[in-house]
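What follows is a group of structures, each given as structure tokens.
Below are two complexes that have chain A in common, paired first with chain B and then with chain C.
Here is the complex of A and B:
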């Protein structure tokens, strides 16, 4: 006999994985995604750190068997109403779902690089973001990338930045920058590649190896210091000013390409759901769990769960682990 | 460069600027360096646009130069500003406009301090009362006078006799705009267009026919930098800053530079002579420099005012090549003729740079 419905809102890796796990436990997950495809940000990525696994393969694996999961794309949530029996979720298409438990896996958005005006994204042609570069790696199409000879990566764009109103570390950008710096060096072996960092947070297994490899194998030059401003020279090249804080010297150089490592910030829907469902948010804007150590996936409302990057920056393996843990928590709740 | 990207930023940094009835305060430095600029501004607004610009002989310095050189404490500087605001209040105005960028930055800083720390505002009120028995309201609107010219750029354009266009080629003049550091770098939301891509001078230059150059050292200080110049031992920094800017803009072949700060036109103008003496290099054509204008001078020129009435003869760098490019008529024999026909002393001309 089929067990209860569980509504999962957000069809990125976390939402998919939590749905798969609930399905395996005998529940009927109803996965609602507002975009036209499942996969979230993973759809835009080419390869994943630290080993360079193909992101498409990971996504294909995640979505290969969704039998038993009722999933809907282009599904925007109109309202979620709580009753004595659970939740009534109304979708703009007119569908309504009843569920004793709702899981929010609404994810994150990338910091809008144009907010750091001094870096000139959308002003200077050859300033791109990590997401743009990943798109280029996937498609090999971007008119802004034309055999660059000097390439810079700016870490912490919109992260650990009080001025940008984001104090938090985005956790994944350092590793992504090292990965992308190595990859672009593979594509353009003659290029000189610089990474401008505050500190390198190589916390995960093999991350340090990836970092050493970037230096030894690819010759990526790591400069501890932030880029202060970017402008454009008469020949269209970027004119980049920075400080090397280890040498204690300001520096300026011409570059053909500058990649801004935009960080993770709360998705636009986080505030809406917070208001709709009374979920508390932290100072950083992400959902605040009931207990950050013992109950990171629960809210004060027993049937309402939160998982993945809607509660803060996480790597993909961390997100998937949390999805599985959340499925168990939901099962425990529904089994009572 | 993606112009639409800048337009988006400009749209984000709009500033509310009232149409009329301004309490106007002058700049200590500008009255000495380019005195006709302020006169031109008042002439344009009062006589040509019919606006109410009130000024009082009782206003003083804002205290900016002394404050930024750590000669007076912030408390004293706030009391000076409070007195200025008291004069505005007594005159029945609530819109305050100043000619000086240093002042503008300091007014922004002071009002923000009072906003964040009401106890400091109360102490300032007490200090002012004890010092001169005056009371004040904080202005409802604060604007730099370049904000006002920007606001009325279309009206000025409609009255213009000339455009910022090369009369021989029909091409727009290449304009370097230089914004005073204290205009928006401290409080981006207080400046038209923000801090990184200010629009205030770009808007004027483009409205009147020019093309603005975006060169790498656009954001760099003019070289004044207060203690870079005011401490004599530091003046090498001042010149090297200016030199850096000219080296950076040189490949773009600017026709002229326009500024909105008291120090900037002075240092960008005068240091061209010093750089020529030191290095033998000049940045304009034919051994001449690049003319440096205030925004009031730029407005006065397009409106067809006599170049010598708006003070173009007090520039180190000769402006005649620019006047000729635009096709502005002038009488060379009257260049050093002062008010009422009184002859002004003529300067000596250096050998390192052509100044006539």
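Here is the complex of A and C:
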């Protein structure tokens, strides 16, 4: 029983999971990824919050059984044309796919930290990002991390910030910061670790336990105040200015390492697909679903679906759940 | 009154339901952003005057919202209107203008 093709654009966790589920339902998913490997941002992770599960293991599991999924890497979409029969998707390598349904799982992009110049990323040597630190956890290689004694985590870099043109909360960085603060304390037990936050959003199951653990087990110091600026002294040490708002005092601190928790912003291709396919976008730049509560994965176009972080910041389990839900929605649409 | 040798302490609690916010409402008319503050403290952290004085725009604004203006208005006098707080505010509040309006409404000589 060969059922229809379904084109899935974006081979991150969401695209992979939606494809696997459609395959299980008898469809032939065609998964197109523009990079040279499947996995999206998950490839850059070492351990996942809240329990510290190995990200490589999760990715391996996700990609272990792709039988029946036709997947292509290095596949950049040239055009998607809508006809009465469905969609014609042209890939730059010359391949063309016909499909009644198309699912966009095009994901997100991390906020470019250098845009917040006052934090000194790419200006001061010892300012790194959450992505850099995760890379360090994976490879243990980064010349900027040399036995730091005082480490600061700056929450909300490029999130909840009208000056950065991103008013939205990126949702996952608070949990990531608490995870990374605990992990770096594990690597450098002598170090003093600070988290500078505006609000700590520990919304998920066990996140609060992770926070408690960071306080109790790792002694991470939480300061309620947003870092306003960073400067560097002659020895390359960083000076961080913030207000301890709970105490009501401005403070200036010397740091050996500063980690900027860059937020989630719409991926490069979001605007492009929005224009190509007439998908509406919200003020935040992410795709706007047909109905945010009842039909979060559908667009005005019945055969065109959107899932994962292309519709806003999400955790990995949320993304995977949405992928499975979308597979059912696609099935319902195709079996009508 | 008979002196029993002890007195009652005055409550230190904020009586939010009795609060007189007429002046804050007037301020809000002039400054629609007056309620937008999320209290992150960036303004205080970057404040050139705040390092040496008690000046804190975050505290001042919150106190005025709660009808507790006393003392905070005087502190605004050390503001040099340099505008650094305006540069760092994540909510994009025009803090310089806000400070001038606070002085106006709460009738302090500028």
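Convention: the second predicted complex is superposed on the first by the 336 of 336 C-alpha atoms of A that agree within 3 Å, B and C clash if a C-alpha of one lies under 4 Å from a C-alpha of the other, contacts with A are read in each partner's own complex, and residues count from 1 in each chain.
The working rule: a residue touches a chain if its C-beta (ideal position, glycine included) is under 8 Å from a C-beta of that chain, and two chains touch if they have at least 3 such contacts.
Keep in mind it's a predicted model, so treat the numbers as computed, not measured.
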Worksheet item: If you stack the two complexes on chain A, which partner ends up touching A:229: first (chain B), second (chain C), both, or neither?
Response: both
Determine, under the contact definition given at the top, whether A:239 touches first (chain B), second (chain C), both, or neither.
first
Query raised in the report: Thinking of the overlay built on chain A, is A:123 touched by chain B (first), by chain C (second), by both, or by neither?
Result: first
- Check the residue A:333 against both partner chains and state whether it touches chain B (first), chain C (second), both, or neither. neither
- request: Check the residue A:188 against both partner chains and state whether it touches chain B (first), chain C (second), both, or neither.
  value: neither
Max touched-residue count on chain A (chain B vs chain C) belongs to chain C
(Q) So in the superposed three-chain picture, is A:114 touching just chain B, just chain C, both, or none of them (first/second/both/neither)? (A) first
Both chain B and chain C touch chain A at residues 118, 229
Listed in rising order, chain B residues that touch chain A in their complex are 1-2, 4-6, 8-9, 194-197, 214-219, 251-252
Per the touch rule above, chain A residues touching chain B in the complex are 114, 117-118, 120-125, 229, 231-234, 239
Residue positions on chain A within touch of chain C in the complex are 118, 156, 160-163, 198-199, 224-229, 241-245, 248, 250-251
Chain C residues touching chain A in their complex are 38-47, 50-51, 56, 58-59, 87-92
